[in-house]
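Some structures to go through are shown next.
Shared between the two complexes below is chain A, which has chain B as its partner in the first and chain C in the second.
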Partner chain A sequence: MAVTRETPRVRRIRLRPPDWPGHVAGQHVDVRLTAPDGYTAQRSYSIASPPSQPEVELIVERLDDGEVSPYLTDELRAGDLLEVRGPIGGYFVWPEHSGTAVQLVAGGSGVVPFVAMLAHHRTSGSSVPVRLLYSARTDADVIAREELRPRPGSAVVLTFTRDAPADWTGPRGRIDRELLVRHSAPPEQSPAILICGSTPFVEAVTREFVAIGHAAERIKTERYGGMGDTS
Partner chain B sequence: MSHVSRGFSGRRRDAPAGRLPPGQYDVGDGFPVLSAGPVPYTEPDEWDFTVQGQVDEVRRWSWQEFKQLPREPVTVDIHCVTSWSKFATRWEGVSVETLLAEVETAGDYVLAFSDGGYTTNLPLDDVVDGKAWVVDTYDGSPLEPEHGGPARLLVPHLYFWKSAKWVRGLVLNLVDEPGFWENFGYHNYGDPWKEQRYAGD
Partner chain C sequence: MNASDSTDTGRLDGNVLGGPLAELFAADLTVATVACAHCGDHAPMAAFQVYADAPALVVRCPGCAGVVMRCASDQRGVRFEMTGVRLLTVTSSDDQA
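Presenting the complex of A and B:
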């Protein structure tokens, strides 16, 4: 196992789970920690690596009042054993056979399942047009910067909610209706829409997508891992 | 079996003894929101609740009729499969026992269905005898849409995905039909005390 710094608050954990059965982009694992007296705590974390990569990568943001994430970001180091279970989840996954454009929308560390999806899009040679709209606080908070570089067939639009770089010419501020109209696949394309982030983020963005004419059944949501863990 | 995680001692150990199922933590005053898609906003005058499927006669209650049914306050601990638990949550609503009181059925299984297309399956035995409710009030106020309003199922002895938000009725079935998350690898029954999170647990 290896742990590397992704941003000041975020670490990337590379694992080689024995007997890993393979996964689908968008799935997560459950990480379980056990104290010496047998007390356990477990949380779900999205997989950031594509199915084609033998190592499984997690990207974990430190939540200051969390129980598991501070251990993973501050304490865990190469050589430690980590108990993981997975892959889990078959719902919030890359729409392999959608046949239409795919629109991804991430707030903060909600981008992690999309890192896996964009890598899968690239490595599988998919011709489905995919767009990611990614809201980060500041430039220093951007996760997976290299992997999210736009390339043919996949567009990435960043917006900064706190501070943008001095030379930034792209959008600023929270994702609102105007930003969606300007930077996301329009309803005429009937895109498959996947939204991941904090609960307020997901609620707000979902409402705007419905308001500009996207069908509710085309929208899948996830709140920070699994069915929506918040810590 | 679990190995000890070097350097991990655990932080949240203040839960009352015997109330926290294995692998869960006490979320305290928070109330996380989970759902698979957009929140449906159904007005009470567009809402009804039906009991259908293998029944002698379909039963239907409008919002007004539902509000006239005998009501119960319920204070229970709830346990989400994503590992948070919340103690002593206060709800009010109608017991499923009351809704099924006059229904004759040969079915042993229930599929709850909701606005937005969500479903979840339960054995009939797990929703009768005061084990489940259709609640429209949380902590003394009308249930917010993001928490399942106008009304949700409440089945506190199972993981909380069984407590379907935005519930609109129950289908009584002769055979057990997996619901939404049950089709995506989650456990068919979901007992938090046996840690039945995923299929095969």
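Presenting the complex of A and C:
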């Protein structure tokens, strides 16, 4: 195992789980910590690495009042053993055979499953057009910056909800209806839509997609707990 | 997904049930269709609301908010209550994405 710094509050953890059966982009693992007195705490973390990569990467944001993430971001050291179960989940995964455009929308560390999906899109040579709309608080909070650089067949649009860089010419502010109309695949394309972020973020964005004419059945969501920040 | 890692997690969704339910069932039930016994609405289990801050995971219908399932796992074992589920449908296709 190895731990690297992704942002001031976020760490990337590379694991080599024994007997890993392989995963699908978008799946998660459950990480369980056990205290000396037997108390256990378990949390789910999305896998950031694509299926083609032998190592499994997690990207974990430190939640100050969390029971698991402060250990993972602050205490964990290379070579430590971690109790991990997975891969888990067949719902919030890359739509391998959708045939239509794919629209991804992330708030904060909700971008992690999409890091895996975009890498899979690239390594599998998929011809499906994919777009990511990613809302981050500030430039310093951007996760997986290198992996999210736009490439042929994939577009990435960033918006900053608190502070944008001085020379920023892209969108600013929370993802609202106007931003979706300007920067996401239109209803005429009937894209498969995947939204991941905090519960308020996911529910606000879902409402706006439906309001601009997307079918609710085309939208899949994954919510995570945390700071209550809606970025 | 990044966690639900808080002592005050609030509301999540059924994606988080994948691990706990894998202790009991061979099929991935997060992609199964669940019909609510209270209102009759149905949706994939992953789209149900999950309250993770109770002693058990409490699963509520996205339509009527009625409790459909409760799942608790600790050192004593696993307890799973699903009186709020009218019908659970697992399709046989291995390509449910």
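Here are some notes:
Basically, the second predicted complex is superposed on the first by the 224 of 231 C-alpha atoms of A that agree within 3 Å, B and C clash if a C-alpha of one lies under 4 Å from a C-alpha of the other, contacts with A are read in each partner's own complex, and residues count from 1 in each chain.
Here, a residue touches a chain if its C-beta (ideal position, glycine included) is under 8 Å from a C-beta of that chain, and two chains touch if they have at least 3 such contacts.
Bear in mind that the values here come from a model prediction, so they are computed numbers and not experimental data.
Applying the stated clash criterion after superposition on chain A shows that chain B and chain C collide. When the two complexes are overlaid on their common chain A, residue A:83 makes contact with chain B while staying clear of chain C.
Judged by the touch definition given at the top, the superposed model places A:52 against neither chain B nor chain C.
By the touch criterion defined above, A:35 lies against chain B but remains apart from chain C after alignment on the C-alpha atoms of chain A.
Contacts of A:207 after superposition: chain B is touched, whereas chain C is not reached. In the superposition on chain A, A:4 makes contact with neither chain B nor chain C. Looking at the shared chain after the overlay, A:75 reaches chain B, while chain C stays out of its contact range.
In the superposition on chain A, contact is made by A:67 with both chain B and chain C. Legend: residue contacts after superposition of the two complexes on their common chain; A:43 is shown touching both chain B and chain C.
By the touch criterion stated above, A:221 is placed in contact with chain B and with chain C alike. Overlay on chain A, chain B versus chain C, candidates 5-13, 59-67, 77-85 or 95-103: the clashing stretch is 77-85. Touching of chain A by both chain B and chain C, each in its own complex, is seen for residues 30, 38, 40, 42-44, 67, 85, 88-92, 199, 220-221, 223, 225-226, 228.
Note for the complex: chain B touches chain A at residues 2-13, 22-23, 25, 30, 32-40, 80-84, 116-117, 146, 161, 181, 184-185, 197-198. On the chain A side of its complex with chain C, the touching residues are 24, 28, 30, 38, 40, 42-46, 59-61, 63, 65-69, 85-86, 88-97, 108-110, 112-113, 196, 199, 220-226, 228.
Only residues 30, 32-36, 38-44, 67, 71, 75, 80-83, 85, 88-92, 199, 203, 206-207, 209-210, 216-217, 219-221, 223, 225-231 of chain A touch chain B when the two sit together in their complex. Across the interface of their complex, chain A is touched by residues 1-16, 18-19, 22, 28, 30-31, 44-47, 52, 74-75, 95-97 of chain C.
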